[in-house]
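Please go over the structures that come below.
The two complexes that follow have subunit A in common; it is paired with subunit B in the first and with subunit C in the second.
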Partner chain A sequence: MILARRTGLYLVLIALVALFVSPFGWLVVTAFKDNSEMAAYPVHWLPEKWQFGNFSKALTFFNYLGYARNSLIIATIYSVLITLSSAWAGFGFARMAARGKRLVFGVLLSTMMMPAMITLIPTYIIFARLGMIDTYWPWVLWGLAGAPYLIFLFRQFFAHMPRELEEAAIVDGCGYGRIFWRIFLPQSWPVLATSMLLSFTWVWGDYIAPSLLLSTDHTTLAVAVATQYVNESNQAPINNLMAAGSVLYILPVLLLFFVLQRGFVTGVSTSGLK
Partner chain B sequence: MRSTTGAPMSRRRFLTTSTGVAAAATAGGLLSGCAGSVSSGDSGGKTTLTIMSSGTELGTAAEIKQAEKTLGMTLKVVKYDLTRLTAMLTSGSAPDIVRAEGSDAPYLASHSVAQDLDDYFAKSTVLKAADLDPVNDIWRWDGKKQGSGPRYGMVKDYSQNYTLWYNTALFDAADEPYLSETEPLTYDKLLDVGKRLGASGKKSKAYGLSMGGTFETFMIMTTQAGGQLFNDDYSEVDFTGDAAKNALAWYIDLAKSRITPSLAYPDPNGWDWPTFQAGRMAITAQGYWFGGQIVTDEKIAATARFAPAPQLGSKRMSTCYTGTGLWMPKAGKNKDAAWQAMEYFLGGAPAKKRAETGAGLPALKSLRPLLPKTEGFQKEAYAVQSKELDYFSVLPFTPYIRMDAMNAVIYQLTPGAIKGSTSVTKLADQLNSGINKQLANGKKLIK
Partner chain C sequence: MSTDQASTDQSSTSRLAEAPAKPPPPSRPTDGRPRVRLGARGRQQERVFWLSVTPWLLGFLGLTLYPLGYALWLSLTDSDGISPNTHFIGLDNYKELLSDPVTRDTLVRTGIFVAAVVPTGIIAGLALAVLINRPIRGRGIYRTLLYLPAVFPPVGAAMAFKMVFDRDTGAANGILGFLGGSPVTWLADPYARYVLLMLTLWGCGNAMIISLAGLQDMPKELLEAARIDGANSWQTFRRIILPLLSPVIFFQVITGVIGALQSIMPMLLAANPSPAAVTSVPQGNYLYMINVFAQYLANGRFGYASALLWVLFAVILVVTALIFRLSSGAVFYNFEPETNK
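Moving on, here comes the complex of A and B:
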């Protein structure tokens, strides 16, 4: 009975894994296909002739590494800054007392409900008036501003750390800045990893902001992959190269996830404890 | 602020820490856009033009560099995006040149967004009025109708939109005679041919005929049949006239037959080329422009043929509604320099190169001889296209809303009719109601 139940459970889990992995699997298979095979009927589940050259073509069709560098710079700046600023804010909400703190925290969380799309044009206008269009300053400012979700994660994590730790540090002469840097931050590596991973992924995968704020020459890999694999003469998309470019584009984030996955899982699961 | 245990927070440490974070952020000079240039651009104090275009339609990165050298300017290319364009115009940082479809010319001109270019054309030695292909009339607006009055832009290249490409291999397999190179099919005959060519089975599945169901489709068909969709001042549409209802009924019949990709049953490949290339689409109404794609595949080039646009009524018309081109925002700050760039991209080396590829007909008559005639299919297509030009016309559109807004209503409502729950009469009423509401709202916004 137990064996049957367990087998059933595994079958369901395998089916779910197949369901979620299949779009990525199809992308990988497409990346190895010849252009003419993509619309074949009956469907070619695997390429007749594997086109490994698609990957080298995808890398040289435009300045792939240049755009990857742009993405890396923006994603690194943003993820480092937003992790620090969110940790700082989360620490404040968790460990400091101030009048109206709950209200401010509520307002902060409520901003998560606001769709980003409605602030697009005002955002552009603000950055245009500040002379920051076609620069990476917007990502610095966004990074310094913190993110409500990450502030929430840090706040939850810091809130359940023992008060004795904080009191002992104060007795030893530490101020709150030092308590944050020397005691709380080093202990919060699971949330730090989670925050770094999430924020890096947000920027690495973001299409709208770079598309809105950066020129074609300065934009990110997400925009380049989506728009530049086109037939030069009539701008029609070249789907197999786009698939190969997309697979390569996903790899750094996958790598980052595998490196940080233990922290990521721990961070998400423990930040809800209090 | 005080701590939960009453100890004051160190202000000095707070400031030190915050400064450290800001300094770390700016370290390495990574923040200026130039640090991220993928082509090592340097403005060097020259005039900088911002051009909003799509993909590499004005040239690859290397070709844009060449254009900068030739023009002696720095060209900042930004991806065409309506949201960004709106934001740029609103923030007072309008781009200098923008791409758009000619169907939006009345909208841009009547909203006082686009610059009247007549003075520039009058002085130009590159883009001479006498050399302009008639398609450029799509960018004219006299305050009441499209086709006459000042020019607000110029076409980059174009097609007579519903000219047909077909795959002779599928015609041979179905024992179907090839299409005439000179005489257009009626829409009804075209539908019959498409139905005979559309095959579905375990080992084959081919679309017999691909034709879009957009506002432009219905407008072309209605106009050919002697009707009209717009009223005289373009403030209302009427789909309930006989010609318009016939056009709707024809399209619904086509879509229901499942021999075409449609809004209700789209082609998973996204657009016609992959399916046509795979030998799974017999006829596609893509226009001459599609030849630029066909030439990339020898196998399909060997079996591809070009044919005239189909007709609904007795009057032969082969229209263009897109006429994609460039316009200059009135709010642009470098208009003379922008015009020089327009001359270069629309009449200089890039325009010649585009003509030579055959990805569209050139917008200057003098460039027409450059159209490709190397491959067999290109020679045949050129011959058919040359005769087709005798029946050329442009379609007039409304100044009150953009074409996208009208098509959004069509995309929302036609799937119901294709799937059988809405009659053509009811669909026509619904389209009138949905589109006229938008037109009325749009009309209020014009001063």
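Moving on, here comes the complex of A and C:
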């Protein structure tokens, strides 16, 4: 009886996992088919001949690596800056006593609720006036400003650090800037990793900002993958190349996730709870 | 949510406020504000605090508040974002959008989408969390694989679904054909909305992780006591787990509604998301946000699109206020703030 229930539990779990993984599995399978197998009816579940060449075709169909480099540059700039600025703000919120702090914190939390879309159109106009269209400056500015979500994450983490750390440093004549940089930051590598990973994947996945702010030549991989695998003559998407390009595009995020998933999951869940 | 956050904040602030001077007598009410006169350390802390929030505050003023006000002004003009002569046209944009049947249709459609996606997503996530919270071997693997779609970049997720539901080469029609059915044009009406729904639910791993954390935080004594009192598992779930989980669920409802209202997945599911494709998104998936993009990208109507966005913002405010109101009796904040431990 108990054995049957246990087996049932595992069967349900395995079925669910299969269901969740299958769309990605199909994307991968599609990426290995050649044109004739794409057209085959009934559908070929697995390609008869695996076309590894699709991947190199996907990379050369347009300037794939160039777009990948753009994505990489923007995402790196943004994630490093936003992690540092968010950590610094989180440090202030967690460790400093100040009048007006609660008010500022309230504003911070309420901005988390605001729909990001509403500032989209004016942001475009403002950056256009500042001559920042088709440059990476918007990501630098956004990075410097920090993100409420990450500030919150760092604040939660820093609030748990023992007071003695700080006291000892102050007795030794350390200023708060040094305390942050030399003591708190090195101690907080799990949050640093979570923050870097989250902000990196935001930019890697973002479709809207690059498609508005960057020209077709300087845009990111997200935009290129979604728009460029199109047959010139009949405007139809070339599915097998598109699938191959998408797999290559998703892979870095999946790898990052697998490497860091424990910290990532903890980071997401602690921030979601409070 | 706000109550919870406020109390967490309060406890950490008051703890810090005690630092410079002698600890205050325990009888004294602390509301998070430093009551002691500020010494040199206190002044230094104030300075460091303001210094630490300056980058974010500047960003908030320049990249959030100013654009927000600008959006309000734009919504009162006929701006197209490019030509220099923009005219102030008062409330004309708002009058137009109110009388345009598309606004009502997209609003209703978006409402249905949110009502379908948010509760099912939360319930599915909770069910997965309960399932995975049982003593199973290899929990980490199941958890990771179920969570995986939630980390997919939106473009990647849309691409995967495009391939599965492609009319000629997709697995969905392959299965249909295998069962003897005839192929279906999934990415057009009336099926497109179900594809969108499935695509959104595919990412319910996030809800699972958040609920799972809530489940694992649950005081074991309570569950033990319920078991001793002879409660069956449904009673335990209904009377103890669910109330204790209510702040977590509440958080998910709020963020879920805000997120779903802004979904641009229909755009990414279109063959090739360009200004032209935005307008060719299937009717069933032509949500409010898609109309905003159509007005903005395809028609270049910055002013009108801004007005639409302000209406959306107002809707979000009303809906969240309503959720706060309706849930005030149903959400229990029994957790001791973590910072007090």
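Keep this in mind: the second predicted complex is superposed on the first by the 240 of 274 C-alpha atoms of A that agree within 3 Å, B and C clash if a C-alpha of one lies under 4 Å from a C-alpha of the other, contacts with A are read in each partner's own complex, and residues count from 1 in each chain.
By definition in this document, a contact is a pair of C-beta atoms (placed from the backbone, for glycine too) under 8 Å apart; a residue touches a chain by one contact, two chains touch by 3 or more.
What you see is a predicted model, and the numbers here were worked out from it, not measured in a lab.
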**Prompt:** Superposed on subunit A, are subunit B and subunit C clashing or fitting side by side?
**Reply:** clash
**Asked** Touching A:Asp134, do we find subunit B (first), subunit C (second), both, or neither?
**Response** first
**Asked** Thinking of the overlay built on chain A, is A:Pro162 touched by subunit B (first), by subunit C (second), by both, or by neither?
**Response** neither
**Asked** Touching A:Thr216, do we find subunit B (first), subunit C (second), both, or neither?
**Response** first
**Asked** More subunit A residues touched by subunit B or by subunit C?
**Response** C
**Message:** One more residue to check, A:Asn70. First (subunit B), second (subunit C), both or neither?
**Reply:** first
**Prompt:** Looking at the overlay, what does A:Gly205 touch: subunit B (first), subunit C (second), both, or neither?
**Reply:** second
**Prompt:** Where does A:Gln235 make contact in the superposed view: on subunit B (first), on subunit C (second), on both, or on neither?
**Reply:** both
**Request:** Check whether A:Asn35 is in contact with subunit B, with subunit C, with both or with neither, and answer first, second, both or neither.
**Result:** first
**Asked** Touching A:Arg178 in the superposition: subunit B (first), subunit C (second), both, neither?
**Response** first
**Request:** Using the touch definition from the top, say if A:Met96 reaches subunit B (first), subunit C (second), both or neither.
**Result:** both
**Asked** Once both complexes are aligned on A, which of 81-89, 189-197 or 315-323 in subunit B overlaps with subunit C?
**Response** 81-89
**Asked** Which subunit A residues contact subunit B in one complex and subunit C in the other?
**Response** 38-39, 41-42, 85, 88, 95-98, 120-121, 124-125, 128, 144, 163, 176-177, 211, 223, 227, 230, 235-237, 239
**Message:** Quick check: in the complex, which residue numbers of subunit A touch subunit B?
**Reply:** 35-42, 62-63, 66-67, 69-70, 73-74, 77, 80-81, 84-85, 88, 95-98, 120-121, 124-125, 128-129, 133-137, 140, 143-144, 163, 166-167, 170, 175-178, 181, 211-212, 214-219, 223, 227-228, 230-237, 239
**Prompt:** Inside the complex, what are the residues of subunit C that reach subunit A?
**Reply:** 2, 4-6, 8-10, 12-13, 16-17, 19-20, 32-34, 42, 44-46, 48-53, 55-60, 62-64, 66-68, 70-71, 74, 79, 81, 128, 131-132, 134, 136, 142-149, 151-164, 166, 168-171, 173-174, 177-178, 202, 205-206, 209-210, 212-214, 217, 247-248, 251-252, 254, 258, 261-262, 264, 268, 271-274, 289, 292, 296, 302, 305-306, 309-310, 312-313, 316, 320, 338-339
**Prompt:** Mind pulling up the subunit B residues that touch subunit A in the complex?
**Reply:** 1-5, 7-10, 13-14, 16-17, 21-22, 24-26, 30-39, 41, 50, 54-57, 60-61, 76-79, 81, 83-84, 86-88, 90-93, 202-206, 269-271, 273-275, 277-278, 280, 289-290, 292-293, 296-297, 299, 354, 357-360
**Complete:** Within the complex, subunit C is touched by subunit A residues 9-10, 12-13, 16-17, 20-24, 26-27, 30, 33, 38-39, 41-43, 45, 85-86, 88-89, 91-99, 101-102, 104-105, 107-109, 111, 113-126, 128, 141-142, 144-146, 148, 151, 156, 159-160, 163, 176-177, 201, 204-205, 207-208, 211, 222-223, 225-227, 230, 235-237, 239, 242-243, 246, 249-250, 253-254, 257-258, 261, 264-265, 268-270, 272-274
